[in-house]
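Below you'll find the structures, each written out as structure tokens.
After this come two complexes, each holding chain A, first together with chain B and then together with chain C.
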Partner chain A sequence: MADLFVNGIILGSIITLGAIGVTLIADILNFFNFAHGDMFSFGAYMTLFFLGIFPNWGTFPGLTFGPAMIVAALLAMGITAAFALFFDRILFKPLRERGASSLFLALSALGVAFIFRSIIRLVWGPQVQYYSRALQMAKRFPMGITIKPDEFFIVGAAFFLVLVVYLFLKRTKMGKAMRAASDNETLARVTGIDTEKVVIWTWIIAVSLTAAAGILYGIEVQLRPIMGWNILIPIFVAVIVGGVGNLWGALVGGMIIGVAQELLTGVLQNMFNAMNVDVLMSAYKPAVAFVLMIIVLLVRPEGIFGTGE
Partner chain B sequence: MSLLEIENLSAGYGPEVDVLHGISLDLNEGELLAVVGPNGAGKTTLLRTVSGVLHPSSGRITLKEKDITNYGPEEIIKMGLSFVPQDQHIFPSLTVKENLEMGAYTLKGDQGERMEEIFSIFPQLQSRLGQQAGSMSGGQQQMVAVGRGLMIQPEILLLDEPTAGLQPSLVKMMLDKVREINKLGVSVLLVAQTLEALELSERAYLLSAGEIVLSGKTEELIEEDKVQDLYFGSSRTEEGEGR
Partner chain C sequence: MLSYLISYVIMASTYGVAALALNIQWGFTGLMNFGIGAFYIIGAYTSAILTTPQSAEYVGGFGLPFIVGLIGAAAVSAFVAYLLAFPALRLKGGFFAISMLVISETIRIIVKNEGWLTNGVWGIRGIPKPVRAIVGSDISEYIYLAIALVLLGGVYWLVERGVRSPWGRVLSAIKEDSDTAAMSGKDVWHYKMQSMVFGAAVMGVAGSLYAHYTGFISPESFTPLMATFIVWLMILLGGTGNNKGVVLGAFVVWGVWIGSEFLIDFLPSAMVTKAGFVRMLLMGILLDAILLLRPQGLFGKEKEISTIGD
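This part shows the complex of A and B:
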């Protein structure tokens, strides 16, 4: 049980990074970014690309990767964000200026998702890839908890990024302007806030975070072209559970979804194993997310932290 | 030369649905000008157009002898014109301090000194700097909104019914503040909902169905039947246009 919970926290921290971006875009650009999952994958694959061209700089003690991963990750986050900005200029901005509805924007984002996924398949192929094939010994803790050193890094990096985004939104002028624009776009313009600049920053933050999440997922699991699409549903559910537009909602929602997926499927798996029923519960993780979403929508549609606006 | 000049302005919310039909109006330096009129007359549309939120379908707006007809709000505020809308006039999830900071978004550097000046007008805000603006009472929110509008040290302040929804004691306080702000040298264009608000002004325009039907010195205008109708119902006129 405790081990499943820990696995849930690890998965939850990755989902959280994706959810923060989705919630920011939903709040400021008024649509659910269906391309978010494939940007997640693209970040992971771009990192793989840079790792391939960098010399071997060694690994951090105990981890399966070294400084090259950090540099590659930062470059990949930047490039993924640059791609997103490119699509904003050629696609989302013209649609915005024509007053396109959220539905149109979301469907266009779906198109962008396919573009990212096709690029990945074309360049890297459909097969599974790894950053490192090195085996790692998990550390054992009481209550049957096992944690690999890489996993400490994943959770630490995720929380560090959440903190950075929080401080940016809370302390910097642009961060405050982003919150102001999400509160009331017309008033933001009347106040002199450059809302196009706000949009650019929203993309940069949202997309570099999802790219980072993809990279962390690649370290924890493996790289597959469909990885981001598969995690998009839990990310959306985390946003809805937490309340659209709320940073803490994304964090709490992400953790709830991560833990619920791991715990419920794990517990049911043990139950079915005991009953000798041949079923692979891990395939049902998205179902857990959906059930949670339905419950939240029925009981508290504005989400845990939502204000119901 | 007037500070703000509006000539033959038509504007609205879409093609061929103009709310304003050829309005001409001017605001002189240091003046407190009122615009009055029944609901739906186009008062808010006028302020939204002047501040750049809406683009006019025809006509001309000149600010400090510069044609700003098709400027966006981001550019107009930089020219010293600040707009405080009637509702949705604050950033509810931001603190009072952050609301004021956003008011000075177009300015560089620390605005601590300017904030002190705002506190001298609205001392109540000083002790509530860290409070979320959305959690405040209507009167306090109005102070935040006007304070935000004053942060850029505007030459012109557009106020859309700043006393709407306030309890009577606060209405008087807010109107005193408007007078105080005007005395500090800010030219004010006030959409006045009440007779007290109208009485603050030196000159006024009566807007009805998107057209200016009367204008002149406030003391003379108040005596007009159409203005009396607006505030006291139709008792004084025989036809009784009603409100």
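This part shows the complex of A and C:
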């Protein structure tokens, strides 16, 4: 039980990073970014590319990766964000200026998702890949909890990034402009805020976060071209559970969905095993997301932190 | 060559049926269904289970005739859509799209994992083609071609009738402005429900047509690309809200898809394994190009109401 909970927190911190981006884009650019999951994968694969060309700089004590990973990750985050800005310039911006509806933008994002995914498959192939094949001994804690050193890093890095984004939105001028634009875009524009700049920063933050999430997922699990599309569902559900446009909503929603997926499937699996029923519950993680989404939408459609505007 | 052509027309007609179904939901009612695959797969499996001979691997088969499979596919898809409509239709716009995506992925997982029901990843083979046992495989191809075209024509007629009726005008009103429709005393929720269920039933028919044509289905036949995305591409290319347009869109997109398969023969062998991904890339670029350059599609929206007062 406790171990499943911890696994849920690890998964949840990865989902949170994705959810923050989706919620920012939904709030400021006013559409659901269906390409977010494939940008997640792209970040992970770009990191694999850089790791391949960097010399071996050794590993951090106890971890399966070293300084090369940090440099590769930062470069990959930047490049993924640059790709997103490119798509904004050639696709989303013209649509925005034409006054396209949010559904139209979501549909065009779906096209971008397929473009990213096919590029990943063309360049890196469909097979499963790993950053490192080194096996790690999990540390044992009371109550049957086991945590690998990498996993401490994953949760730590995720919370560090959430804190950075929080401080950015709270303290910097651009952060304030972003919050103003999310509250009321027209008002923001007439008060002299450069809304195009706000859009650019929204993409940079949202996409570099999801790229980071993809990299952390790659460290924890493995790399597959479909991984981002699969995690898109829990990311969206986290946003809906937390309430669109709310940073803390993304964090709480991400944790809830992460923990619920691990706990529910794990507990049910144990139950079915005890009953000698042959099912593979871990395959049903997206179904847990589905059930959670329905419950939230029925009980509190605006989400936990939503204002219901 | 002729057999290629027959195969092309049958598959394009199948997709034409699915595109008409999406046109009801999105083109005329504004329901952004990103989960076409859900009803497509339900239709295909229902029909397969109803018509295949008794099997030890999965539930049934019941060995029933094709027509029972077809009707069953429509009925089960419609019923599932009816149940899902209760939570899903409470959602608007993008939220509805997300929930449909989640639903379709969940259903695909169920099909993949519940082997007792669907034979899991191994899929169902030996799905019979109507009258093949009597007339042999050559003639049954022609008969199947006729069946596909008749179904496409029938669905086209039905959808045209529907959208030009008072019922269809309410759907259009809901699409344009659901609040105004509600204020005019229209029960928006029920109309959306009917549109969703009608569309899903037609998607089920498309799934059944597909299953009986290929004779073999597995969860891999229903990827988001082949079951959902490509149908969106068809209706956007043809012209959302235009029934002739979306059928043409189905034939054009399927033609491009099949045509690019011929090109693979000319590729160096090292590239062949990756050719499928090039096609996927092309489909993504095509979708965004249409949205950007010709959002109304080839045909644009046709007026489905009288032109009085125009």
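Here, the second predicted complex is superposed on the first by the 309 of 309 C-alpha atoms of A that agree within 3 Å, B and C clash if a C-alpha of one lies under 4 Å from a C-alpha of the other, contacts with A are read in each partner's own complex, and residues count from 1 in each chain.
Basically, a contact is a pair of C-beta atoms (placed from the backbone, for glycine too) under 8 Å apart; a residue touches a chain by one contact, two chains touch by 3 or more.
Nothing here was measured: the structure is a model prediction, and the numbers come from that model.
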| item | value |
| --- | --- |
| Clash or fit, chain B versus chain C on superposed chain A | fit |
| Partner chain in contact with A:L75 - chain B first, chain C second, else both or neither | neither |
| Angle at the Cα centre of chain A, taken between the Cα centres of chain B and chain C once the superposition is applied, in steps of 10 degrees | 90 |
| Contacts of A:V237 with chain B and chain C, given as first, second, both or neither | second |
| First, second, both or neither for A:L297, with chain B first and chain C second | second |
| Chain B versus chain C as contact partner of A:L107, first or second or both or neither | second |
| Contacts of A:A289 with chain B and chain C, given as first, second, both or neither | second |
| First, second, both or neither for A:L122, with chain B first and chain C second | second |
| Chain A residues touched - chain C or chain B, whichever exceeds | C |
| Which superposed partner A:I193 touches (first chain B, second chain C, both, neither) | first |
| Which superposed partner A:I204 touches (first chain B, second chain C, both, neither) | neither |
| Minimal inter-chain CA distance - chain C and chain B, angstrom | 16 |
| Residue numbers on chain A that touch chain C, as the complex places them | 26, 31-32, 34, 90-91, 94-95, 100, 102-104, 106-108, 110-115, 117-119, 121-122, 125, 229, 233, 236-237, 240, 279-280, 283-284, 286-287, 289-290, 293-294, 297-298, 301 |
| Residues of chain A touching chain B in the complex | 173, 176-177, 179-180, 182-184, 186-195 |
| Residues of chain B touching chain A in the complex | 51-53, 72-74, 77-78, 83, 85, 88-94, 98, 101-103, 105-106, 148, 152 |
| Chain C to chain A touching residues, read off their complex | 30, 32, 34, 87, 90-91, 93-95, 97-99, 101-103, 105-106, 109-110, 112-113, 224-225, 229, 232, 236, 274, 277-278, 280-281, 283-285, 287-288, 291-292, 295 |
